[in-house]
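The two complexes that follow have chain A in common; it is paired with chain B in the first and with chain C in the second.
Right after this comes the complex of A and B.
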């Protein structure tokens, strides 16, 4: 049954997912073309010192990309479900409703996680080819909150879409917008804070169960 | 006979608006049951409660003996559900949707589905989103038949369908379910199609149930009488005896379960002047409008 759910979700998101994967690859290529250009133009020593002493974030252009990916995947995955009450079909499948909803978001979350890993691998490889390993490592660590924001945004938007009533959707939007915006705020973050966000953010995964509960209790 | 569905003292409110109070009915195994009523009388609300998509304000609804709000996966597999408007996963093709659903149902039979699809003269790679409403209704029906459920719940199967597709829908439904002790629970706003189809029915009005009985009994016992009266503004209030009364320029129509003698006695007792009292034959649609009223 899980395989069938994967099949259904993949049919919904495949073109969007492939497009977003290509866009993120092109964005990463663009960043490192810029880096290469900067090094050629200014010389590697000047460019390095700019990165190391002035804390120039050469990946700044893709900071919001994971967030956009998370939101778009959630919209593409859940709009067909909530449109015309199609979620009723999904919840009617012979499985526990919570299990269906959780597996559905885990499929989307898994796809985003795979894309995240691929993006970070690309960035890591490119970074390590231009800079010392320490810089490559810090670049990846600096990007982790942005990618975490993308994942949390995915789970949050999924839950917000399944939630049937706007009076509950609005507080959810405000809460998650605040929660996610903090992840874009700290350049000098600590790993403790990141861990805190990782743990609290993981609760976003199960928010859909609450939305599903309200959907089931009072569909209009 | 075993009841597949039991609705006990069901009451539902949307906010402060009462949909109905103390709704009671049972659906027997193997029967064809119709829930009829005008728009807004609570048919879809009842279906949502039955499928566990809505928690009733009070009362209980049992499906195969289980509380409908907490149906187990095994029971859900026994229930085939057609959503109003023949909604399906329209991002899938004919082939993809069959592949998807077949993984969930142990009794899956793909033959009736593909047989119906062959009649549509569309390719298996046709996306459901690009099909007409009539074609989508056949996809939804084919999937239901392939699921081979013990009860089919059809929420307004006739929505958006022309006469041909409506007939095709019911013909196929009957053909594939006869002799299999399948239970059919159907709602529709096009009453005449169900004339020789339903075995039991509940006719709902706003906030109450008007009729709950076998269909044949309703058609035999519910009567329309016409008479002429010089009192052009005559009003007769509905009660246990008079189910509905209408008058246009002295031509009166009275709807009741009573026989002609009882009607005559009533009119005489109420001192209503009348002439040409006669019983008028009715189609199911006439009877439905007669009992629910035109407004």
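Right after this comes the complex of A and C.
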């Protein structure tokens, strides 16, 4: 059953997912083309100094990309479910509805996590080819909040999509937006803060169960 | 059950968002700027001169509350205002029996500020080793950057490869001088905007402080013999033409030392009540004095020493801090706690939780009553709403907002 669900979800998101993967790859290529251009124009010493001493974030252009990926995947995955009432059918499958909903978001979350790992690997490899490993490490660390925001945004938007009533949707949008926005701040995030966000952010994974409950009750 | 849990976790997310944004919005609306006074020491009056918000524009006062106008102020602080005085030909030639020249004034003048955010900062551990005796007037940035891990490694920025020869040369020199790898702290000024280069001050894994630089392409490494049990938390290295001290050293027990050119002797500054985690330190030097200010959020303590660092005078001024202002007092009643992710006392994004105290209990009780009313109004059972009440009991207004926004499941 899970395999069938994976296939069903994959059919829904595949073109969007492949496009977003391509976009993120192109964005990363763009960033490092920019780095290489910057090094050529300013000289490696000046560029390295800027990155090392001033903590210039050459990846700043993709800060919002993971967030967009998370939101778009959730929309693509859940819009048809909600709009044409397909979720109603899904919830009538011979499976516990909570389980089905959780598995659905875990599939989407898994896809995003995979893309995140791939992106970070690419950025890590590129960074380490242009800069010492300390810079590569710092670059990845500064991007973790943005990718975490993408994941949380995915789970949040999924739950918001499934939630049938606007009077609950609107507060959910406002509070989730506030919650996630903190991850777009500046400065180095300490591991304490990242851990805090990892734990509290994971709370958003199960919000879909509450929305699913209201959805089912709403259409009964 | 799972539905209840998922709702409760959502409530927690809402509480976190509220505990951050509600106090933040409150302070965006009501925070008033607090200008910390500027305190200097006049060699003419032998007294402090203070400019602060309570005094109207272009007026300064001394510690006995006598007021001075702008031009008087210029002449009372001839070292600080030497450019203005020299331009109007009012610079004294003699002060307290000592001949004054512009060169002397310029050489001895300095001002330095260390804030908690400078100390709570994570640097990328790569540094530039400048040539300190190139024979050229201007300093130049080298092509390579170094790290001190299990050895010294120089990485050429052109190729991103390690320069083995130079790395071995420096590593051996450090080992010969008793350095034990890796480095715990590396402090220096990797910039060409300084008059000369003194390289780096490095704490090794045995807490010994070393002075490392490059002289004519060769490594220079000296054990400063500074006590290893000092508990150094911060070193601000500076290169000043005065060449009196290499660096400011701040220790875990909030002592401030100067690392002097006299065989790396430590000079302790006679400063009290300094806390490097919360206070800004401002050091002004001139031909006669060292004026050291410890600036807290609601007071300033200024210590003046002679050039031998003997305390000669001291001044304290307090003002209303942020949380003692009307808006601050009200905030104590409103918010049971607040969560911040940034602070002026840190360069890092971290969790900063502020719990003001008992005052918020009044609103807390009101919130619990409202929650009880709400549960009754919504005709929910108290047994099922127990966790909601508990949430409000612990998070006051934030929990109340959360349970209003997301109704309990029946």
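By our rule, the second predicted complex is superposed on the first by the 218 of 220 C-alpha atoms of A that agree within 3 Å, B and C clash if a C-alpha of one lies under 4 Å from a C-alpha of the other, contacts with A are read in each partner's own complex, and residues count from 1 in each chain.
Heads up, the rule we're going with is that a contact is a pair of C-beta atoms (placed from the backbone, for glycine too) under 8 Å apart; a residue touches a chain by one contact, two chains touch by 3 or more.
In this text the structure is predicted, and so the values were computed from the model without any measurement.
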Looking at the overlay on chain A, is there a clash between chain B and chain C, or do the two fit?
fit
In this superposition, which partner touches a larger number of chain A residues, chain B or chain C?
C
By the touch definition at the top of the document, which applies to A:93: first (chain B), second (chain C), both, or neither?
first
Does chain B (first) or chain C (second) touch A:178, or do both, or does neither?
second
First (chain B), second (chain C), both or neither: which does A:116 touch?
neither
Quick check for you: in the superposed arrangement, does A:3 touch first (chain B), second (chain C), both or neither?
first
Now for A:80: first (chain B), second (chain C), both, or neither, which partner does it touch?
first
Scan A:142 for contacts with chain B and chain C and give back first, second, both or neither.
neither
Touching partner for A:132 - first (chain B), second (chain C), both, neither:
second
Put down the vertex angle at chain A formed with chain B and chain C, C-alpha centres only, nearest 10°.
140
Chain B versus chain C as contact partner of A:218, first or second or both or neither
first
In whole Å, chain B and chain C in the superposition are separated at their closest C-alpha atoms by 10
Do chain B and chain C land on any of the same chain A residues, and which?
none
Please name which positions on chain B make contact with chain A in the complex.
14, 48, 51-55, 69, 73-74, 76-77, 79, 81, 83, 85, 87-92, 96, 99-101, 103-105
For the chain A and chain C complex, residues of the former touching the latter
44-49, 51-53, 55, 98, 129-132, 134-135, 138, 145, 168, 171-172, 175-176, 178-179, 182, 185-190, 192-193, 196, 200, 203-204, 206-210, 213
In the complex, chain C touches chain A at residues 2-3, 5-7, 9-10, 12-14, 16-18, 20-21, 122, 124-126, 128, 141-143, 145, 147, 155, 157-158, 160, 190-191, 341-342, 347-351, 405-407, 409
In the complex with chain B, residue positions of chain A that touch it
1, 3-4, 7-8, 11-12, 80, 84-86, 88-89, 91-96, 215-220
